[in-house]
Amino acid sequence: MTTSFMILAVLTVAGTAAAMGLRNAVHCVLALALGFAGIAMLYLQLGAQFVGFTQILVYVGAVAILAVFAIMMTHNDKSMALPDSHSAWVAGCIVAVAVFAVLARAIVSSSASAQTQPPQPAATVQQIGNALMHRFVMPLEIMGLLLTAALIGAVVIAMDRREEMK
Amino acid sequence: MSTATLAAASLNLEPANESGMDQLLEIAMGPQHPSTHGVFRMNVVLDGERVVRLKPVFGYLHRNHEKIAENETYLGSMPYTDRLDYMCPLTNNWAYALAVEKLAGIQVPERAEYLRVITGELTRLQNHTCLIGFLMQDMGASGTPLMYAFRQREIILDLFEALTGARMMCNYMRFGGCRVDLPAGWLDQAKKVVAGFPRFLDEYESLLVSNEILMDRTQDVGVLSKELAISAGISGPMARASGVDYDIRKVDHYSIYDRFAFRVPLGSHGDVYDRFMIRLLEMRESVNILQQAMRDIPEGPIVDPKTKIRGFRPKPGEAYGRIEGPKGELGFYLVSDGSPNPYRYRVRPPSLINLTILEDLCLGRNVADIVVILGSIDIVMGEVDR
Amino acid sequence: MDEKLKTELSKQGIFTTSLQELYNWGRTSSIWPLNFGLACCAIEMIATTMARYDLARFGAEVFRPSPRQADLMIVAGTVTKKMAPQVVRLYNQMPEPKYVISMGACAISGGPFKQGYNVLKGIDRYIPVDIYIPGCPPRPEALIDAFMELQKKIDAQQLTGENRPRHLNADEPSEFIVPQFGEHDLEPTRNSSIWEPPLVQIAQTGSDESGSH
Amino acid sequence: MVGEGILKGLAETARNFFGSYVSKDRLTTVQYPEQREPQIEATRDFPFLVYDGADWQQGMRCVACQICEKECPPKCIFIEKSKDKKPDAFGKMQIYPATFNIDISVCMSCQICVEVCPFDAIKMDVEYHQSSDDRFGALLLNKQRLSKSNEYYNAIHPTEASAVDAQRAEELAKLEAKAKAAAEVKAAAEAKAAADANPALNASPQQPAGDPQ
Amino acid sequence: MTHLALMTQHLDQIFVLTSHWLLSYLPIALQPLCSAILSVAAIIIAFATLFALTTLLERKGLGRMQNRYGPNRVGPCGLFQPLADGVKSLTKEDIVPIRADRAVHFMAPVLLVAASFMGYAVLPIGRNMVMVDMNAGVLFFFAIGSLMELAVFMAGWSSRSKYSLLGAMRAIAQMISYEVPLVLASVVVLMQAGSLSTVAIVNMQATYSGIWPHWFVFTPWGFAGFALFMIAATAESNRSPFDLPEGESEIIAGYYTEYSGFKFALFFLGEYIGMFATSGMAITLFLGGWSAPFSFLTWIPSYFWFFAKLLTIISVFIWIRGTLPRLRMDQLMNLAWQFMLPMTLLNLLTTGIWHFMLPGFLRWIVCSTMVIVPCILLGSGLKYKKKFQIRTYHFSQ
Amino acid sequence: MNSLQSYLLLSSLLFSIGLAGALTRRNAILVLIGIELMLNAANLNFIAFWRYGPAPEVLTGIMFTIFSISIAAAEAAVGLSIILAAYRHSRTTDLDQMNSLKG
Amino acid sequence: MNLEAIKSEIEANVPGCRLELIANPSPSGQHSLLLDAEHASAVALYLRDTPNLRFDFCSNITGIDWPGKEVSQKIKVRKLVDGVEQEVEETRITTIPGSLEVVYHLYSVEKKHGPIVLRMRTKDRDAGVHLPSFTPIWRSAELQEREIFDLFGVLFDGHPDLRRLLMWDEFQDYPMRRDYVDPDDYEYEPTAHDAVLQRARQHLSQANPVQPSEGEAR
Amino acid sequence: MTNNMYLPVIVLLLAAIAFALSTLLLAWFWARFFSPHKPGPSKNAIYECGLESQGDAWIQFKPGYYLYGIIFLVFDVEAIFLLPFAVAFTGFSATECIAMLVFLLLLVEGLVWAYQKKVLVWT
C-alpha cells in the first residue's frame, strides 16, 4: 500500500461518502464529482490511462453535469434537502455494512487477491483502438444501438408532453 | 382586426404559465442595469429564458419638470427643456418655442427658421447615430459602434458648442427666433461636417447592416403591427418602421420643412431591424435637408423683435405645439392664465408613450431580446420620467 | 497578536511606507467605475470614456456592471427620491475601498431641479462623497479633472495611523442607512451621521438678507 | 453567402485599427491634461462678474439690480445690495452688490443671467476646473471669486467682448456727449442767466460746467 | 555554418538545457520532483505574465480599433496597468453574500484556475518542452476542460443570485454544446496523426516539403477542422461573440456577478488561461505547434513560434471581440447543434476519404468540395430558414 | 507496491457506500447516483483484475470498463429522464412521496 | 375641420350626449369640446371610427387642476338696518367648486388632420374624481392616464392597471395639484431667497433657535 | 513506476491550486492587518440592480437544458469510442471504417430524429 494509493483511497471514499451523506443535493453531486475523479486517478495508478481520462470526461464532465441539470430541473422548496427518515437510514447502513463485511471477508480470505505483480506496460490508445475495432466490434455496434436508443428514450421521456403535442 | 378589439386584446396582460409546472424566475432589470438607458426598470418574469411578463417601472428620474416649469417664467423653462431628452436638446427647445409661439401668436423670422432646421436636423443625426451605437452596445458589441457614433457626435457637438456655447445643454431657441446668430465660419465648418457624414454612414453601414449576427438578432424580433402602433400613439421612426406613414414635418407643415425635398422612409415589418434601418435612412434624408438648408439660408434678423425676454406674459388661453423630434412626436401643451408663469405646462414625451407597447413586444421573447427591443425603442429617461 | 504585529510593522517604517506606496499606486491606477448613469451627466460620462477623451488612458474604462467589482461610483445625474435608496444600496454593495464622485449639479445639490418634490437635494445626504464636480453637465474634461483629483486624494491617503481613510478603520462604517419610502418623503430624509447642514451660513445670509431689506 | 457581413465588419475595424497609427481621423483622442482642444469661443461654463480697470471692487459693473437673481431659473444667485453707493464706469453713482454669491453646485450654465443683465456685468466663464472635495466651501463662489477683469473677458470671448466694449464705449460717448450737451446747455443757461445778470461775463463762455458748484 | 546551427540549436533548447544543468546539482531522488517543479513554475509564471499582457493588449487593441489609445498612463505605455489591477484586486474587500453557499463560493474560482492550468501539462510549447508526453494527451486535455463547466456551475449556483444562476446555466449549456464539436473537430487530426500524444502530433507536422510545413491546417479537412475548432474554442472560452454567460447587457456579469476582490480576478485569470490553453491546443493540433512556418525559419527558437502563433490567435480573438455583437442563446445553441455538429461529423468522413484516396490533385478537389459545399448549403439553409436578408425600403410619397 | 487486495477492498467499500446511499436516500436523483457509484466500484474491480490478471495485454478488463462506463452513462441519462418525468407528474423527487401518490 | 360641425355631428349621432364648445382665446385657436363623463366613451369611439373623422391617434393627455376659488362679490342687498330698509352693499363669498380636468389631443394618422381637443372635468377634487378611461379606445392612454392618476389623482374607470407611474407606491399625495405642499427638505441653501429663504429661516429657527439671533448680532 | 509520469501533472495541479489559494490568502492577510472586512446586512445582501432581492434564485429550471445534456452525454460517449478508432485509423482497412461508420450512423440517426422532433431547437 503506497502513500499515493492511500491518499487516493481516502479522497475517493471521502468524496463518495460525502456524496451519499450530505443533505444538499447539489453538494452531493459536487462531492460525487470528487469521488469520480478519485476513481479516475486510481485507474491511472493502475496504468489504465485511457479509462481514467474517460472516467473524468464521462462522469465528471457529463454525468455530473446531467445530474446537476436534473437537480436544477426538479428544484423546488420541497426537493432541496429532503430529510431522510431515520429508520430507513439505519436499516440501509446496516445492510451496507453487512455487505461490506461479507465482501471484505471474501477478499481477504481469497489467496488470489493478495497477489502483487510487477508493473506491466500500460495499454496504449492504439491497442485499445485495435481491440475495439476487431475483437470488440460487435459490442461496439451494439453500444451504438444502445446509445441511440438511450438518446431517443431519454429525450422522449424527458420531453414535455404538452410541448410535444403542440 | 378592428383597433378596438386589438387594443382590448393587447391589454390582457396576464399570460398563463403554459406548462404549469416550471417555476418562474422574477428578475428586476434595472434601475441600475447596463442596458436600460439610464434608470429604467423592468420587472421581468421568466420561464427559463422566455419572458412571460414584463412590467416597466418608471419614475426613477422623475425630476418634476412640469411642476418646476409651472413656477418658472416662460423663458426660465427653456433651459429645462434641454434636460428633458438630453440626447437632443435643440429639438426640445424648438418644440417648446413652437408651443409658446402658438400660444402667443409670435412670428419667427426666416433666418431663424433656417437655423432651427439646421440645428434640429443636426440633432437628429447625432441622436440616431448614438441610438444605433447604444443598440449595438446592448447587443454586446464591446463598444465599437458606440465609439464610432460618439466620434461623430463629438464633431456635431463641436458645432453646437461653437454656435450655442454648450455641448449638450444648448438653450438656444427663443420665442420668435434663436438666441445668437451664426458665428463666423460656422456654416463652412458645418457644411464640411455634413458633407463628411455620408461617408461615416457608409462606414457604419458596412460595419453593421449586413452583419449576419445583427440581422439574426433583430429581424422578426419585437414586431409591432401598424394598427397597434397607431392605437398606442407610437410616433417617430418607430411608427414609421411599422409602416405608419406619418411624419409631422410633412403633416403639420410646421416651420419651413415644405421647402425642402426629402423623403420619409417606411418599414414594412415593424421589427427591430426595421427600426434600426429606418433611422439609418432617415439620417441620409437629414443630410439632404441640411445641405438644402445650408445652401438656402437667407440673411436677416434671427429673432422677432417684438418678443420680450423679460416680463413675457402671453394672453390667457392654451396651445398645443408639436414637432417631429428624433424620437417621435414631441409636443408641449401650455395653458396660460395671463401671468408670467404658465398655468399648466405639459410635455408630451415620445419616449414614454413609445414605451406603452414594451410588454407586447417582449412577451414570449428571450431575455436577450428585451434589451434589443428596448434599445430600438429609443428612450431617454429624462423625457420618460420628466 | 495582530496588535503586536501592527506595532512591529509600524516600527519598520520603510516597509510600511513602501507598502503604502504600492497600495496607493495600485488603487490610483486601477479605478474601475460602476456602470451606472442616472441622467444627462451620464451621457457626458459616456462621452468621457469615448474616443475623444478616452478615460481608458487612466485604466478606468473597465465599467463594471456589478457593484461587487467596482471601485468608483460616479453619481452622474439627478438622484430622485425614488432612486436614492437604490443608489445607497448599490454603494453599500460595493467592496471597500470605494469612492464616490458626485458629478454635476443635480448630484451635488439637486441642481436646477432642487425645487422638485421628488428630487434629492444632494447625494451626500446619504453617502460620503469624495469629489464634487459642478456643472450641468460638467464637460468631459471636468470629469477627467475630477478623476485626477480623486487620484491625488487617494495617493495622499495613509495606510496606518490616525489619518487613515475610512475603509482602513475598523470602527468606521462601510454601509450606510438605506432610506425607506415614506408617505410624503424619504425616511429618514438624511443620514445625520454623515451629513449635517452648515446652519451658520444660512443664519448669516438670512440675517443679512433681512437686514438689507 | 453567410459570413460576408461579418467579414465586412471585421475589415472595417481592421481599417480603423491600422488607420489609428497613420491617420488623425482614426485616432481622435485628445490626451486631456497635456493636450487640449482649441478653445471654442462661444463656450460657456459658469457666470462671472466683469470689472473694468484694475481694482475689482472699484470697477465692478454690477449694480445689484437683482434682475439676474430673479430671472435665474434654478435660483442660484444671491445678491445683497450695498447701503452706500459708488460711481460706476460711466461715473454715475450706483449701489453695488454687498454680497454676490453664485452657487455653482446649482447653476446650470443657461446664460439667462447674461441675457437679462442690462449692464453687461455678468458674463459666462470658460473655467471648468472646479471639482473639489469641499462642497460647502469651494462651490459657493463669492463676489471676489466671481470677479474677473474685462481683459480676461476679452481674452476668452474676444468677439463678444469687443462688441460689448464697443457698445459700452458708444454708450459712454453718448453719455459723455449728453453730459457735455447737458453741461453746455447748462452752461449756456447759466451763461445766459449770468449774462442776464451780468452782461460783462459774456466774454468768457468756456467755463467748466461743474465749477460753480 | 555548423557553428551557427549549433548555436541556434542551443538557443532553441536553452530552457531544457538550463533545467538539466540545474537539476544535475541535485540528488537523483529529487530530480524528477524538482524538474516537475521547475517546469510547473515556468509554465505558471509564463502564462500568468501572458495573461497580464493579454489583458493590456486587449484593452489597447480595442482602443485602437475604436480610435483611441487605451491605457497608457500607468508605467511606460501603460505596461504596468495589469499589475496595478492586480494590486488593487488583491487589496479589495472580499464580499460573500449572506445567503450564498460559502464553501462552494470559495472553491469555485480555485477549481476554475486549477482546471484551466491543468491543460498545459500536455501542451508542447517548444521542442522537447512539454511537461508530460502522455499517451492519451489530447483526451487528458478535453477531460480536464470539462472540469471548468463544473467550476462555472459552482460559481453561479453558490452565489444564489438570479443573474449568476442564469449565467451559469447559460454557460454550462453553451460549454457542453460546444464541447462535442471541439472534440470531434480534433478527431480528424488524430486520424491522420495516429496518436493522442501531443508531442507526436507536433512532430508529425514539423516536417517540410520544400519550404512548406506539413501543418494539418493546409489540407481541406484540416482547414475545416481548424475553423470548426476555433469557433468551438471561442465558445468554450466564453469569448465574444459567444460571451453570453457574462453578457453584460443582459445578465450583469453572469456567473461571477457576486464575486469581488481577487476571487473575481481569479475568474478573469481562469478564463484567459483557459483561452490560451484551447488556443494552444488548436496550434498543436492544426498549426504545427512550435514548428516554424517555413523551413528556412527553423533557426528561430521553437518556443518563439509557439508564442507567436498564440499571440496571433489572441489578436484575432480581440479583433472579433471588437467587431461583432453577441449572439442570442437560441442562435448559439442552434449554431452548435445544427451547424457545428453536422459539419464536424462530415469532416470526419472527409478525412476518411482523404486517407483512402491516392495523393494527388483529385483528392484535393473531392475533399474540398465535400467540406465547402455542405458548409455553404448549411449556412444558406440557415439563412434561408431564418429568412434574414438585407431589406429594401420604400419611401412615402 | 499495492496489492490487488487493497483495490478490491476499496472497491467493495465504494460499493457499500453506494448501496447505503441507494438504500437510505429519499431523493430519487441521489438514489440513482448511489447506483452509479456501485457501477463504478465494479469498474474499479475490472481494471484491478485486468492489471493483476494473467493476461493484461488482452485488454478485456479495459474494454469491459469502457463499455460499462458507456452503459452507465446511458443509464444515467435514461434514469434521470425518468425521474424528471416522474417529477413532472408528482412535483417531487421524494421516492416515498412518489410511491404514496401512486400517480 | 370645423369644430362646430363636428360638435353637431356628434350630437346627432351619439344619442343623449351633451357637448360644450370651449373657446380658446389665444392665437393658437385650438378650441375644445367638453364631454360629459357618461357619454365620453361613445363620443370617443365615434370620433375614432367614423370614416370622415378617423381620429385614431390620441397624441396627448393632460391633467389640469382647477382648485376651488373663493370669489368675493359685492352685491347690493335690501336689508333692514336699524329698522329701515336700506340698500346695503355686502360682500358675498361664493365658492366655485374646483375640478380636475383632463384634456385630450387627438389626431388622425389616416386622414392626416387634427388636432381636436377634448376635455372632461371631474365633479370635484375629493370624492368625485372618477372619469372614464380611454385606454380601451386608444392604447396610448394607458401610461398617460396612469400618470394623471399619479400626479393629479383622477381615477380612470376601466383602466386595466391603474397604479402610480412616477412616484413610489407608498406615496400619498398628488404632487401636481396646485395645493400640494412640498416636503420641507431645504436644510441647506446657500443662495436662498424669496420663498425658499422664508422656509430656510423657519427651518433654522426650529432646528437651532439660538442661531438667528447670533446671526443678527453680526 | 507509472506514477512518475503523473508527477508533473500532480505538481501542476497542486501548484495551480496553491497559486489560487496563495493569492486569496494574501488578500486575506491584507484584510486582516490593514483593511478590515466590514460585512453588513445591506452590503452582503444579494445584488439585484440596486433593489432588495425578491424571491429565491434557486428555482426550478426548464427541462430544455436537460435535453441538450442528454445529447451531449451520448456524443461524449461516442467520442470515447471514436478516439481509439481515430488513433488506430491509419492501420485500418475499409472494413473497420465501415464498422465505425455504422456506429456513427446509428448515432447520427438519433441526432436526425432529435432534429425532426425539434429537440435541438432552443426555445
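Each chain carries a letter (A, B, C, D, E, F, G and H) given by its place in the written order, and its residues are counted from 1.
By our rule, a residue touches a chain if its C-beta (ideal position, glycine included) is under 8 Å from a C-beta of that chain, and two chains touch if they have at least 3 such contacts.
The structure presented is a predicted model; accordingly, all values stated were derived computationally and were not measured.
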Chains touching both subunit D and subunit E: B, C
F-H compared against B-E, more contacting pairs: B-E
Chain whose average C-alpha position is farthest from subunit F's own: D
Averaged-CA centre spacing for the pair subunit H and subunit D, given as whole angstrom: 68
Intercentroid distance (Cα basis), subunit F paired with subunit B, Å: 63
Gap in Å, rounded to a whole number, between the CA centres of subunit H and subunit A: 17
Subunit A and subunit C, separation of their C-alpha mean positions in angstrom: 54
Subunit H residues counted as touching two or more neighbouring chains: 6, 34-35, 38, 41, 43, 45, 47-51, 57-63, 65-66, 69-74, 76-77, 79-81, 83, 86-89, 91, 104, 123
Residues of subunit C touching at least two other chains: 23, 35, 50-52, 54, 57, 65-68, 82, 86, 90, 93, 96-97, 112-115, 117-118, 122, 136, 139, 167, 174, 198, 201, 205, 208-209
Residues of subunit A touching at least two other chains: 45, 47, 50, 54, 57-58, 61-63, 65-66, 69-70, 72-76, 122, 125-126, 128, 132, 143, 147, 150-151, 154-155, 158, 160
Subunit F - residues contacting subunit H, complex: 66, 69-70, 73-74, 76-77, 80-81, 84
Subunit C residues within the subunit H interface of the complex: 2, 5-6, 9, 23, 66-68, 86-87, 89-90, 92-93, 96-97, 159-160, 167-170, 173-175, 178
Subunit C to subunit B touching residues, read off their complex: 34-40, 42-44, 46-47, 50-52, 63, 65, 67, 77-78, 80, 82-83, 86, 90, 106, 112-113, 115-119, 136-137, 139
Contact set on subunit G toward subunit B in their complex: 24-28, 30, 45, 48-49, 56-60, 62, 64, 103, 105, 109, 112, 115, 117, 135-140, 142-144, 147, 151, 160-161, 164-168, 175-176
Residues on subunit C engaged by subunit E in the complex (per definition of touch): 22-23, 25-31, 35, 50-52, 54, 56-59, 61-62, 64-66, 68-69, 71, 93, 95-97, 167, 174
